[in-house]
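One structure coming up, written as structure tokens, with questions to follow.
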């Protein structure tokens, strides 16, 4: 039983990271119906920005995170303007192929510029401490990851529920034409969505650096895909769904590694994806709406 | 005996009832119109008959067979063909290919004959092409057979869609707003064409139309739908003077 | 106030509006009637800037708005109650109304206008925390009207406000339209329900396949055989 | 007839150049990659281009084919032809098993599901000790000859071209054009989607067998989704729905890959740019859906 709770706690911090990434997927999908395949790679860029601001500028982890978030917000907006906006009226498949292109581009331009080698996230940024809570070991890293992820989610929730911009985002995703009739600028709203989604991914990137201690240019692929699965699990386009989906994925993953074989951990994620797509493609929290003829 | 008989058909979308206890009969060789204000549920009826949607409740009997809930391709194979309100051609394909695809259900050679180019393939392809050209000629589109469908002018796209539907050799043809976007002159032509198709192909036709002159001029019997229910049924003259119909269309007389 | 002059609109191969002209004077209710597919909704969408005409011009208060972005047009004082209501279903009644006032910065006045909407539609006030998607058809229509009013329009475009509503509700909606107009908002009303529309309008246009086939005062058209023909065929 | 003569002459010429050693090892490797890439691109194009169903799992089927052929030839001591048949059949079966449930999904969901299945295939291969687990199988005898490559490429291309230019092919294309209209025209769209998927998978398996018996070693890592993306680049560049385009793009990408062998990152950056730029500026690809005619039995 103790073992089970230990695994759950381990899964919680991983799940928090997935949830942060999944939020970006779900927000972008909600507003332009695009699976932003490059989202995981934006997370990777965030991790690198965080890495360099700690190792070169000597900033502390919070400053590094903010730095990464700002950089990636700009990057996300640029990607949308350059690669996705021209395709807004094309098929969704064309947009998806472009997104795959952007993903490959980010991965390999990073390899080209910085090399493919793994880098060790500076341990000085985060000296590890462990606490024992009734037999369950929890590290200060876990606490940091969970707390910062939850804080960011609260901020996001506030933005979306309370602010004018957040409401405009929801309006555009619900009915773009009606939103235009309210005087909402769709272009601007889409940009804001990319900025927020990408900055959350950047924060997740720094947290991944803390969690695994290492970063590399291809580090975004697998967490990106798993976060995507989390978004689908919760019902893509649905924000609370992404949060729940993220935590479920994280906990499931540690359970599979803990009780089964870690070799199957990635396959399990895809298995869940396919199961969800086949059984309830709208996700746990999604509603059904068929194609109109 | 009626060719198509619908009993107590119901369909709702997200709790909103689009069609309520819809009853309908159509005899062999009849030409029937289905009219009603926007959102009355007319296209829903078509989508249910042709299997694009599945009904929540009710029965659709076609030629004595229950076709309720069958997939669309099976319903087509039983002899129901249709056109769409917003024209759904195979846009990037040639005019000829559009009609040839409709003839696929009667293809006379097998998959392996196609892949290994056996004699039956060539014979079958010739047959399909001749047949397709025949339909194109009827609709005066034969000289455009190599044109890409989306490049045709609007009126010809409408005609091609009808040609394609007829090529599936239906016993019932369903036309969803065939006159939409046509000028009065083209509408006149269309009226004659519809009558002619019915007589020449010896089939039944059911049409939704907003252009009342077309419906009144060509249909023998008309069903009027409002809020998903039939509010009137009868010949054109009857319908024109029916109080409920006038209300549904012009609104209640005020004062 | 609004001058639509010779506009041509195409959807791909379809010539949807053909040299269409409409004039609306300040303070009036003008109605645009005609059968389905005649191009009424297209006309409204073109005025709101959602569709660009290929030729012709639209001027509002003597400013050319033919190529103006939709959000600027809203800011200039034209708002629309779209066909089928189009409320933001997963947002609350209150949020929907806030969206109507999206471009406004005068918080106090917005509050006041909100109160006005609630006085006009008490049922919306009761349900202000409810999601718009859970409202009945009539309530959604009221919300759509209230939302459009929150933009403080000088010209209100209404697309089939009676669609899909029970006769009693239709009557109520039309009374509301008259009331809005009497408080100074000019209205362009697109309707299928010709009798109702003509009964409250000052001037009217009848459309058929993208063209204006008839125009005049509402009284003239009310008794016209032509109007009946346009709807039920000759 | 002329085309047949030209193809035969080409075959003889290359065979001669190999025999006398004009084409050295380096060129032969690239020639092999070229043929395999053509088979992969043409078969993926059947699914992505003609049927309009975006599949990102092609490498998975290639893996199934590669492994089953190697099991046949290396572990069970069967002749190469049996290995190839096993590759085709097992990949086609995998295509069927995966296609039936997933092809109900639309557009981007299908893409992700196929990507997931491709990865599951890879992970499963990694976990089977009998076939070497993550390390794969080493020391596969080199049975893929120029004759096999040439015949394989020609047969794959011809079968797909012939399929497309038949009533069955038109049924398949109509799904891409408008699935609902197609269904209403009496076409069992599910059946034809699965057919295209199975045929596409079959040839991917074939390509896998040829690959395994030329390059000496196979491991699950080789068949990750990056390999699927490679093929996708070819199909997109050549034009979704043009077999000629797929062939030309496969040749071009192979040459490009060889030229950039020492700069792998640059190669991938170019791939990425190809995907983005083609989709934005020329979504129909180099060839659109046009074809050069290739009539051999016609």
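The chains carry the letters A, B, C and D, assigned in the order they are written, with residues numbered from 1 in each.
Here, a residue touches a chain if its C-beta (ideal position, glycine included) is under 8 Å from a C-beta of that chain, and two chains touch if they have at least 3 such contacts.
On a predicted model such as this, the values are computed, not experimentally measured, just so you know.
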item: Chain labels contacting subunit A and also subunit B; value: C, D
item: Centroid-based (C-alpha) most distant chain relative to subunit B; value: A
item: Pair joined by more contacting C-beta pairs (A-C or B-D); value: B-D
item: Euclidean distance of C-alpha centroids - subunit B vs subunit D, Å; value: 41
item: Centre-to-centre distance between subunit C and subunit B (centres being mean Cα positions), rounded to whole Å; value: 33
item: Between subunit D and subunit C, distance of the C-alpha-averaged centres to the nearest whole Å; value: 55
item: Of all residues in subunit A, the ones touching two or more other chains; value: 293
item: Subunit D residues counted as touching two or more neighbouring chains; value: 180
item: Subunit C: positions in contact with at least two other chains; value: none
item: Subunit D - residues contacting subunit B, complex; value: 159, 162-163, 166-171, 173-174, 177-178, 180-189, 195, 289, 297-298
item: Subunit A residues within the subunit C interface of the complex; value: 164, 167-168, 170-171, 174-175, 177-185
item: Complex contacts: residues of subunit A adjacent to subunit D; value: 34-35, 83, 86-87, 90-98, 100-105, 107-109, 111-112, 116, 225, 228, 232, 261, 263-264, 266-267, 270-271, 273-274, 277-278, 281, 291, 293
item: Subunit C residues touching subunit B - in the complex, by the definition given at the top; value: 12-16, 35-37, 84, 160, 162-164, 167, 170, 191-197, 199, 209, 227-228, 231-234
item: Subunit D residues touching subunit A - in the complex, by the definition given at the top; value: 52, 54, 56, 101-102, 104-105, 107-109, 111-113, 115-117, 119-120, 123-124, 126-127, 180, 229, 232, 236, 265-266, 268-269, 271-276, 279-280, 283
